[in-house]
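So, here come the structures, one by one.
In the two complexes that follow, subunit A is the common piece, with subunit B as its partner first and subunit C second.
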Partner chain A sequence: MFKKLRSPASQLGGIVIANPCPVDNVEIIQAPLPDKVVLPLQQRMGDEVIPCVKVGDKVLTGQVIAQAQDAFCVSIHASISGTVVAIDAQTIPHQSRLKSKCITIKSDGKDEWVEHKGYADFLHELPQTLVDYIQQSGIVGLGGAGFPTHAKFNTIKPCHTLIINATECEPGIMCDDALMRHYACEVIRGVEILLYISGANQAIIAIEDDKQKAYQSLLTLTHNDKINIVQIPTKYTSGAEKLLIRSLLDVEIPANKFAVDEGIICQNIATTKAISDAVIKGKPLISRIVTVTGDGVAQPNNFEVRLGASFAHIVALARPDSHPHNNRMGGIMMGIDVKTLEVPICKVSNCIFINHTKAKVNIQECIRCGQCNQVCPVGLLPQQLYWYAKSENTDKAMDYNLDSCIECRCCDVVCPSHIPLTQYFSFAKALHRQKTQGQQKVDIARERFEFREYRLERNKTERTKMMARKKEELKQKMANDKTQKSKIAQAMARVKQEKNGNKI
Partner chain B sequence: MATKFDSTSQMMRQAIYALALGIGAAYIFFGWGIVLQIVLAVITAITVESVFLKIRKMPITSAIGDGSAVLTAVLLAISIPSIAPWWVAVVGVSFAIIFGKQLYGGLGNNPFNPAMLGYAFLLISYPLQMTTWAGDFISFAQALDVVFNLSPADALSGATRLDEVKTQLSLGGVISELTLHSTAQAWVNMGFLLGGLYLLARRVIFWQIPAAFLSGIVITAFLLSFGDSEHYLPAQNHLMLGGTMLGAFFIATDPVTASTTPKGRLIYGFLLGMLIVIIRTFGNYPDGIAFAVLLMNITVPLIDYYTQPKVFGK
Partner chain C sequence: MFDSIVIFSSLALVLGLILGYAAIKFKVTGNPLVDQIDAILPQTQCGQCDFPGCRPYAQAIANGEAQINQCPPGGQEGADALAELLGVETLPLNEEHGETKIEHVVIVDEAVCIGCTLCIQACPVDAFVGASKVMTSVIEDECTGCDLCIPVCPVDCIHIKEIQPTPRTYIPKVTHV
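Right, the complex of A and B next:
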């Protein structure tokens, strides 16, 4: 039942990265209540959700402040009790560095909860009721992507396998490790709820093999035959959804398809705990565990913090030093740099890296040494893609499967020339999209033009045809007329004759 | 596994260090000539590269620092006869750097192996100087004299074993009556083989090209000598004569100009080995590595395109 995967990972690419900032004692520190929280209304998909509170309203912890109105959105809840002081554009931790509309709540320091009650006896509820409840509880994937959790269950294809991703996608992040150790009970309960909702035959919890304590704590609490706990090699990108599915089930999901299309549902381990809290206790998602780490902090650790608190609020708890820092949300590989720590913690903020600013490295030419294709987890040839991306030859790059690149940055890390390959690839992807869109427009315009030409031509030929037909008809008529005329003439002649006869 | 090399320069340096054993063996058997040639070639390479970078308005120090020009120079210097006059190395290296690399846009953009382009240029232009090899150990003074004073090299020269065998065969000799072995060349080849294994262990190069290259040579040579053992050189002699090991581990593996896909490297290496035996056997020149490499360089884009590895989910 419990198997440790043999390491085919060497063939799967990916890289082993040492934890940049190992912590001896992984724990969860409860962060104090923030003075104010900033809650963004824009979610991963769909439009901004519309707030159902006004500036000046009193709100309680867990109260809905914006209601999900479409299928890919979830509701937003007040994460503290207090007063809504603003609904305006604020800086959020996003790649674009654009501002986005947020609700700001000032705390009254009481943390009074709204009345809440879940479905402790969830086995007697309809799965759809629970799915809707998960949406109402504001739960999205907490691994970093923020895909709305309920949306994965609203598919037609029946689910056969549930995969719980507990791989802690990148080195240095330890919030899931801590979560499994401290909330093993809730995690298992969450998996059981998901099993019930999805109707899957089995659930596989995938844990990296360097998290023995977390593994043991889950193992001792699992008494369900449907739940398997599997250890996988600690290697970067083995936690990426499709790659994880390949190593667990030996199924490859194509680039243009999703796991749900194959009857597989993946959920992050922290999400299962949130689901358990929501369904059993009725508590919506208003807090999360965030790792604060990096060589710029003296005490890296995990902090359980209310959503919407500023990065600075918990970074201060990790005791940062006074050197200039480079701040990053998410992992060292796929995270995004944030300029300021005055941005709110969002549902996807799994980790904050505070690193000393490093000197820029010298970028050299690509010599096609091939170190990159050795580590590419999807089997691409980054050295070839780079060549075509650089020359903006996107058609050729697509021939080399540019669209399959998952932008994991493994190639960047091993490149001896320090070329930011992934940047080139995302640029080339965008360029290709632009080109194809432009091409589509051109195609449509050309088709329209050609159709117009065709229509004019058709009208013209139809007209000439019609005219020819009419002419023919007229001729026919004339011919008929001739016979008519001759008949008249004959009649006239007869009359004349008769007249003449009468005279005689 | 993460970050194997700090920089591309480090990979180049590794390759230069790995050449030391083979160069050492060549020094032991043929004396100071090779040292002089290397010094000449490296000085020329750095000068020409600097001038060209200046003209192209590129940063000079970082580009020189990448070590590629030096590597090209060293490879070419070991390929030419150690008693060739000084201008051979100068002209060859200049041609290699200018026409082989800089005119294409510098490191990484050249379709042909610069060292081999320089070598082929020299061989075609100066066949006499390029085929007069040192016969025995040459002292430093002798080397200076023959390289710089242009005194006739005849006194010191001797044909290479490959050359000799070829001449004898064309004169009606048969394999069983010829000396096929050359201790000196075997040692030089062993030196480059060991250096190559070091590069493999350090993962500067991958196993596919050398393995396919050597099998290409062995299989082709075996088939030929299997058909007519009296007129074709046996496979084991092909391996230990001429520049076989240097070619297999240092020249064919030039990443810029070789095939870059795992499968492509096998095809590239194998065809290269085959071509070398064919050129050695049927061509006009004693050794065929340079021409074979240049010919195979042309096929690289095609090989790479059709040997793409399977991509996840496709």
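Right, the complex of A and C next:
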């Protein structure tokens, strides 16, 4: 009954957005070596990684400068050769505009590589060896979220399907398109490595139907019957992991579960190229392809650039005009605004949007038109969530599955009142996280306080009991010990005698 | 006549037995109000309320022996929440019990520490690790910021460390309507 009522996967939510800056010829331009690179130590999850170099150390390109410590961290590598000049707090491309600890390397201009050797004959290695090697090569998801790649393989559930996400989530970004056209061979090899590691029966490469050239170039190089290349309609949010799985396999991943729990592994197309470079050539992740676009640049294009180079370093290559700009990392929909271009390019920086500063829109009250409900790709009720988020009633918002929100901003776009709904949602999510963490801390404190009270009380009673027992034992001992008694009697007799003697 | 007496008395007997059993089975031990009050209190265990911990204070409030405005770490919000729970008028925070400080933990200057263990004895949540004549350290995650260890330290090696915002704890702002 329900299945019949449910609309087909492809029709549920999402919006079609025209490409804001279409480009005729998608290229990859090698950016020159930067003078210095800044490499942040904070990764998507876990604590900051601990650097294994000191200020003043000479490093070579590809050398490990911070070692992975836990299962959700990856190693960090020097992206140029040179000298470590600082390990301190620097501004990173994050919406908080807070500083975070980074390693700064000044280039010596030589780009000397550290000795590297991969596993070109990967089919004769254990999958676990390759997974560890991927972690040591610093590979995380290059699509924008930066989820550590190796972590998806460290699960118990066997994988049956591998999905390679080549949908290029947002209009305007073209780094994956360029990558598929120019590195099709590496991409396919990367998919084969992933197939071997995961043990999956099939791999599906999902490409949006507006990337015909990329599709053709992959098609000509695929000679593996396990790899299918599928074209999907160009519609925004079709690239989100759970939605992509739903449209390709008609499998719905439950709200509190991940794709790996259903035996599906999703990887980004750029990640597969990075895996191929690491496993075949032994080169760790030290560069990525970044799209620089927007109406503020004369030549929007893709640049292959070393990680840690500043945004300004590659924006200059796209020839920006002299108007005031609004800079954005990531796409027009899910990206974040950055204040300055003096922030480093990270593993997740897939795109830099340089747009002319626009007048702020006039935000009005919600008129309950319900357009946001229709457009939400995950089937939430943004209007309802908005009221709860606004009143900071995060528990209620969570009851309405706020944590399933992918913050795609579809609701923002269709809202006739221009309410920044997604801002409310990310605010409410962060607030809820803070509240739960605070509550956990409070519960631990209560438990520890109560245990301490109990312990002190127990110590006290044990002590009194022990004292009483000792006293009792001593008494018994004295009573039973006959030699002791006779000794005392003798001593008493002696004293008496002496006293008598003295008298005489 | 006789029938109805029999029916009603047996009914009374059966229901009485059920109620009696339920009273034993579902007996509420302790005062549930104390738990509810304790859940609102911040569990700093600082003793600024003049009671030796949050639970004793909750007990005192439930018995009507203490006011609801004696908890500086809970702040005005805490007092308001207590007022709502108890159905009484809220009170402004009593300044005699101290001021609300920003969230913080303590750290030990390990070079100065002499290992006297006085802080270990003072800590209400056992957040110190150490032993006699060896360096002591704080488990920062467990520290509630009650500051009870600061006055007892003979060498003043315990310092306050404010919790700094990081990108991971950041709460995004909203462009308000």
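Convention: the second predicted complex is superposed on the first by the 408 of 504 C-alpha atoms of A that agree within 3 Å, B and C clash if a C-alpha of one lies under 4 Å from a C-alpha of the other, contacts with A are read in each partner's own complex, and residues count from 1 in each chain.
One rule holds for everything that comes next: a contact is a pair of C-beta atoms (placed from the backbone, for glycine too) under 8 Å apart; a residue touches a chain by one contact, two chains touch by 3 or more.
Everything numeric in this text was worked out from a predicted model, so none of it was measured.
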(request) Check whether A:Ile92 is in contact with subunit B, with subunit C, with both or with neither, and answer first, second, both or neither. (result) second
(message) For A:Val414 in the superposed arrangement: first (subunit B), second (subunit C), both or neither?
(response) first
(request) May I ask you to decide whether A:Phe153 touches subunit B, subunit C, both, or neither, giving the answer as first, second, both or neither? (result) neither
(message) According to the stated criteria, A:Phe311 is in contact with first (subunit B), second (subunit C), both, or neither; which is it?
(response) neither
(message) For A:Ile17, using the defined touch cut-off, is the partner it touches subunit B, subunit C, both, or neither? Pick first, second, both or neither.
(response) first
(message) Under the stated touch criterion, which partner chain does A:Tyr388 make contact with: subunit B (first), subunit C (second), both, or neither?
(response) neither
(request) Using the touch definition from the top, say if A:Tyr424 reaches subunit B (first), subunit C (second), both or neither. (result) second
(message) Tell me which partner touches more residues of subunit A in the superposed arrangement, subunit B or subunit C.
(response) B
(message) Under the stated touch criterion, which partner chain does A:Asn373 make contact with: subunit B (first), subunit C (second), both, or neither?
(response) first
(request) Could you look at A:Glu365 and tell me whether it touches subunit B, subunit C, both or neither (first, second, both, neither)? (result) both
(message) So subunit A touches subunit B in one structure and subunit C in the other; where do those two contact lists coincide?
(response) 364-365
(request) Please give the residue numbers of subunit A that touch subunit B in the complex, ascending. (result) 15-18, 242-243, 246, 252-255, 257, 362, 364-371, 373, 375, 377-381, 383-384, 399-401, 404, 413-414, 416-418
(message) Taking the touch rule as given, give the residues of subunit C at its contact with subunit A in the complex, in rising order.
(response) 38, 42-45, 53-55, 124-127, 141-142, 144, 165-175, 177
(request) Spell out the residues on subunit A that touch subunit C in their complex, using ranges where they run on. (result) 42, 92, 94-96, 98, 100, 363-365, 419-420, 423-424, 426-427, 430-431, 434, 441-446, 448-453
(message) Applying the document's contact rule, which stretches of subunit B touch subunit A when the two form their complex?
(response) 1-11, 62, 66, 68, 106-109, 203-204, 206, 255-256, 258, 260-262, 304-305, 308-314
